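Both of the next two complexes hold chain A, though its partner changes from chain B to chain C.
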Partner chain A sequence: MTVAAGIGYALVALGPSLSLFIAFISKKPFLILTLLSSTLVWLISLIILSGIWRAFLPLNSTTWWPFAILIFSSIAFQEGLRLLFWKVYKRLEDILDAFADRVSKPRLYPTDKMQIALGHGVAHAVFFCLSLLTPAFGPATYFVDRCSQIPFFLVSAIIALAFVTVHTFSMVIAFNGYAEGNKVDQLFVPSVHLAAGMMTMINFAYGGCVIGIPLLFLMAILTVMHCGRMVWRRLSESQRQVDS
Partner chain B sequence: MESSILESIGQEIIGVMSPVSLCMLLVVLLVYSLSDSNPFSSSSAPIRTAANLVYLENPSDTTAQKLEGALLNALVFVILIAIVTFVLVLLYYYNFTNFLKNYMRFSAFFVLGTMGGSIFLSIIQHFSIPIDSITCFLLLFNYTIVGVLSMFSGGMPIVLRQGYMVSLGIIVATWFTKLPEWTTWVLLVALALYDLVAVLAPGGPLKLLVELASSRDEELPALVYEARPTVSRNEGNPRSTLGLLVAGVSDSGSVELQAVSNNNVRRDGAENRRSPEYTAIQVRNLENVEGERNRDEGERSPLVGHSRERYSSDSNSSEYSTVIHNRESETSVDEEMSPLVDLLGMDNEREHERRDSVVASRGIKLGLGDFVFYSVLVGRAAMYDLMTVYACYLAIISGLGCTLILLSVCHRALPALPISITLGVIFYFLTRLLMEPFVVGMATNLMMF
Partner chain C sequence: MALKIVFLILLFSFRFRLSLSGNGQTNSMESVPDLQKSMYMVVDGYPCVRLVNLSGEIGCSNPGRDKVVAPIIKYKNNKELGLPSAILLSMDDVQGFFSRISNDSSFASNVAGVLVESRVEIQHKLKGFSPARKFPQAEFAPYHNTTYEWNPIGSGIMWKSYNFPVFLLSESSTSTLQEIAMKNEKTEKAYTTNVAEFDVVMQTTKVGTHDSESCLKEETCLPLGGYSVWSAVPPINNSSSNQSKPIILTVASMDAASFFRDKSLGADSPISGLISLLAAVDALSHVDGLDNLNKQLVFLVFTGEAWGYLGSRRFLLELDQQSDAVRGLNSSLIQLVMEIGSTGKGFSQGNKTFFAHTQVSSDTNEALDALKLAQESLKSEGVTVSNASSSNPGIPPSSLMAFLRKNSSTSGIVLEDFDTVFANKFYHSHLDDSANINSSAIVAAASLVARTLYVLASDKKDSTSSALSSINANASLVEELISCLLDCDPGLSCELVSSYITSVDTCPSYYVGVALGEPSSTPSPNQVDDISRFVWNFLADRTSTLKGNTTVCSKDCSNNGGVCIRAETDGKGICVNSTTRYVPAYSTRLKLDSGTWKVLPPNSSDPMGMLDPVWTESNWNTIGLRVYTVQEAAYDRLVLLGGISVTVLAYLAIVLTRAYITKALKQD
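Now for the complex of A and B:
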């Protein structure tokens, strides 16, 4: 529906990420590099998943359980990859901190970890939503049977927005959880991811998107709140450490 | 708040990646906007270029025929490139510098004028921009002349030169995307292999060229994009940047030694070379001449390594081959040669270069050919779908990053094409064959994870 609508959909999905990027990441070249590498890692994970599932595609779109298995296995794979990514990130952080000590500059801030999280969110949003937006720049629009109230592009942009939020903040929570050995955090992230993925399955039913999408946003808000609480706790702890 | 170390690391890498990304973005936009205008024209009137000499692809041919034809095309093209590069090396060896320099200027003018002009005209046509022909001609003429001036003479703002380099890359890449599909992919792979051989193998033409240039203590005759550093430097006190990976083990003495010896070898000034060939990644490492070990400033960028040169070759004649279309001209060989060597006048400009070289001795250089072929890959991916564009973009950028890191480890000229093109092609085919059904199938059912 014209270029304006296309850009609008893209911004709906990636607007917050873009503002996070401009506010925090664009000033630090290294963060841009880690953002790109994180996006690449998740792209590779998506490719591997699709490679595994290729033989079974295209799935019959009337039954829901193959999709459930698909989503479940994909999420499990990605959570495993997240753990691996954490280990690699830890090593990188150690190198950087050693370097920082040598040049006597401050160490990495917690906000610097956000860009890796952002890369995760952006990778998913880009591949699931943005890549389908090409027809949106043209003169027509497209509606899906199952959710016929709003155009497909808008629905997918909204879902992508929710997922970007979930992925970005859950990565921050996960890294913090692995660093502190906090089991609650470590379990919170996969369960939120799984819950969010399963909620999109509600979209499978006719008219299901009316229920599914608000629930999805509920998960996103939950993630943001948990992350906020966690960061607040850490900041106040480090403040107390500085004071004492 | 004190700035974290992350603010300084990677500045130079980003300085190279941003123009590459910009070039790719603009080529994708151009491909999208210009492809709607005539979806069937390419099949009805295929342009015969040097890349198409043997086989003209026809959509109705069988797969085997197409593959074979594409392989032949690529082979012929690479052989042409190799011949031209050798001629270039010969000319450089025998000091035909004025000839080369003038020919280079002419070729830049020609490319910007005709190829850029035709793209400009098709944009006007596509978007129905109301502009009359005289204004258009005047604008084009000005654009071309300023381009030639900014690229081949000193005293121009660096931003202008960078902008013209990028636009030259965009123009050539857009022309390359008009080649048929199979030929494009096979050609890209063949050029990546050629690049690898030409730069690293002992008899490779580019290696010879590099050695000739360094032995004569001259600028390398190449069109290179320079990413000038943003940190201002004092001419008398050049600071150094040390690679983290290397600086961890080397002591300051060895760094200085390398820096001093490299001083004579590299000149970054205003050299330009028409060829898309050279990826000269060079990071200067000049220690403080008084011997102060100012490590703080020295170790500012851990990911960029010691000075080194890195060249990669690509098809230099490509832009010409696409221009020579319907006149199977004998001049094609001549013109193909021209883009490769342009040596700036070494007499009067030497001092200028020396002055420039002290100021501009930090910064990474990337050859124009790499811009062109990365953009060709992404442009061709854009003709399929946006998803492949993102995947190929990420692959190319990560390949470029890998090459830069590799550069900081090996202290020699390295080709920039192979890693990125290989990753790009692999990701394109993986995305197209594997990921697309997966993701599209899920997304159209409004499911995501």
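Now for the complex of A and C:
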């Protein structure tokens, strides 16, 4: 591949994140901070996980159940961290809003929370896709035996894109769920995360990536739709509040 | 909402029923460098490099400063090449391929690189393969018939210049590359090809120095050279009257050549002769009364003979100059030169047959009689020596040619395993290996030479004397030398060799190499190559007379006299009384002047020097061969376009959604 292909793969994985970033930070540079701190927190969570699992590596790649345990435990850890993250964020939001009131500036808007949500997605893409992308800028390409139709880097970028979508919109749903106390939303997020994670194991089978990747995108679309439905619900509620 | 949860649960169960176990091996990659290593496969092979002489160049090189990248295609005789490709060639097709290169320029322009397969079975099917010329080094012959074909199989392909890289693949790489070439042919994925990347960038090509004089001046090349070894039996005492004894020189050479620099084995030509010489020295070392011989025996092993008789010419020059390296030898006392050429193929149906090639002279008759006497004593072992056919124009290509060109009245005999044409069907090729020779022929030649030398040196005329029949070459020593010098396993790490020297490589290659550093009679070990150091140590050990107390040494024994052998083996060096010295071997037309080599003008007192091509080898940075898969440029651009469009579409979607929400809320 070449520099062109390398940039292409990076854009496939992180292009929409870039668009989201540009669309919202153009008015509020402060959001760069929120994005970076969110990304940092989630990267640290991934590093802690890899530190814990280092003792058990390398896993025997002919059986699938060690990988299932790996994915399950990592997702459980991250969901727990998400709850913690929410509690810290709530405290921080109160402080920031009080400060904004004092200096007569606008408060944090719901769309600003998107940057925090985005941080989670970007961390995933950086850790799982971008870090592997350096060889993609050289002249050679690479095909994995079990997925011989699509180049490895393309598969990696597409999966990263799906997960960026899932993580970004999940965080929005989760925060909303915690704020409103909506149990369905609160349960939806971990289950989708777990399902998406487990779905990547389909790639273990020969030619499995042809099935696994569309399924993953299905999860992503599901998340976007649920988020859209939730936002629509919030909007119509607030509309009714305004009207009444 | 409930529907969604049910759907999810269904998804879970569906997934668990899929078979997830992948059988077969996957390479476990643990890091990005591992990924890079799996993407780029390094292929081991033996390159053909660029050699330069006074009038031009031979050998192979990348055409410029960059690496050559080309798709791998298997060679088919009638197929035309559409684009520059890396050709995978079988040994059967080599000759045909190279003749097609020289005749068909449109075909040659599409050859980006060549990979030659190597298979053990192929060697038996081949009738012969020799990239040397039909009369090797004909210009040095002391007779006029230079069109005589000593090597009729010779194609001369290694003496031409090619502007593409050529590699000989190792056996494991051959099967890998055959698979890859087949994959390329099937093209299951039309947008990828497997390519080979050649890195054989030669400095002379980069700088543009295409002849020896300019490349030596620009220091982009180094002259070929090494160190020859000579040893005296019995050791020459500086003060005694030994110095007036007539000298009998026994000569062999230890360098081979081949199209592929690092696979120059030369099992039959000339290493079988070298092994015969070493075994003869060993046999003679067990004889009593060597001090009372009437003549002085001197054993001489040259290097650089394949590239213009560098060793023999330099030795003769140093003899004239009475230099330090040949102290104790008086050229006027040399009575006979007995050269041991190739001896490994002199075996057929239990009989060992050799031929004595001579240039007619008075003293050679005495030597021929001695040979006949030795043959008589070895009759029970089926050894015969015949005079070479009189229809031959003269002696075959050998170091004796250098002696005869210097002094045409020198008496000399070249002992070979062939009569009118080379018996070696793989002369100067990478296929001249241990399967090409027979050890009993080498043993027979060694016994023959040892007995002949004893007869000549002791002036005895009795073939049945017990002293003569006790001189026998040690067959197990010969077997051991063959396995050490001509095989990869155990190779140069075998016990015999490692008791004298420490060697980096185990696989042998007898290409003479380049002259490292200032030539001197006492070079440091890192200036001398493995075979020269082994021969020096072996000869010093076998020709030594035992000393009372053996003192331990690490470098030299000047205070005790004598030489330090086994110095490289971890402080177990011992001083022995022996006359064994190194003689530099490099062209008589070259001189090292303040760190750079200079070509001297031709001198009529050195007729061979006037004909010397002055071979040099180009310098290079690295030589490598890699194979990897490449995507079509169109596919790369498609991916880039895909990435950009995903980004742009996402941006549009976000902006639209935001505008919609703003309109709905009249805020933000």
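Quick note on the criterion: the second predicted complex is superposed on the first by the 241 of 244 C-alpha atoms of A that agree within 3 Å, B and C clash if a C-alpha of one lies under 4 Å from a C-alpha of the other, contacts with A are read in each partner's own complex, and residues count from 1 in each chain.
The definition used in the following text is that contacts are C-beta pairs under 8 Å (C-beta built on N, C-alpha and C of every residue); 3 or more make two chains touch, one makes a residue touch a chain.
Please read all numbers here as calculations on a predicted model, not as lab measurements.
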Which term applies to chain B and chain C once both are placed on chain A by superposition, clash or fit? fit
In degrees, rounded to a multiple of 10, the angle chain B-chain A-chain C between CA centres equals 70
Identify the partner contact of A:132: answer first if only chain B is touched, second if only chain C is, both if each is, neither if none is. both
Counting only touches as set out at the top, which of chain B and chain C does A:57 meet: first, second, both, neither? both
Applying the touch criterion given at the start, work out whether A:46 contacts chain B, chain C, both or neither, answering first, second, both or neither. first
Could you tell me if A:204 is touching chain B, chain C, both of them or neither one (first, second, both, neither)? both
Of the two partner chains, chain B (first) and chain C (second), which one does A:161 touch, if any: first, second, both, or neither? second
Between chain B and chain C, whom does A:220 touch in the aligned arrangement: first, second, both, or neither? neither
For A:146, is the partner it touches chain B (first), chain C (second), both, or none of the two (neither)? both
Is A:172 touching anything from chain B or chain C once the two structures are fitted on A? First, second, both or neither. neither
Note down the smallest distance between any C-alpha of chain B and any C-alpha of chain C in the overlay, whole angstrom. 5
Common interface residues of chain A - those touching chain B in one complex and chain C in the other: 57-58, 61, 109, 131-132, 134, 144, 146, 201, 204
So, in the complex, the side of chain C touching chain A is made of residues 1, 4-5, 8, 11-12, 15, 18-24, 26, 28, 30, 32, 35-36, 38-40, 69, 189, 192, 197, 628-631, 633, 635-637, 639-644, 646-648, 650-651, 654-655, 658, 661, 664-665, 668
Complex contact set, residues of chain A against chain B: 27-33, 36-37, 39-40, 43, 46-47, 49-51, 53-54, 57-59, 61, 67, 70-71, 74-75, 78, 95-96, 99-100, 102-109, 112, 124, 126-134, 144, 146-147, 152, 155-156, 159-160, 163, 193, 196-197, 200-201, 203-204, 209, 212
For a test of understanding, state which residues of chain A touch chain C in their complex under the given definition. 1-2, 4-5, 7-12, 15-16, 18-20, 22-23, 57-58, 61-64, 109, 111, 131-132, 134-135, 138-146, 149, 151, 154, 157, 161, 184, 188, 191-192, 195, 198-199, 201-202, 204-206, 208, 215, 222, 226, 231, 235, 238-239
What does chain B use to touch chain A in their complex? 2-11, 13-14, 17, 244, 295-296, 299-300, 302-303, 385-387, 389-391, 394-395, 397-398, 401, 427, 430-431, 433-435, 437-449
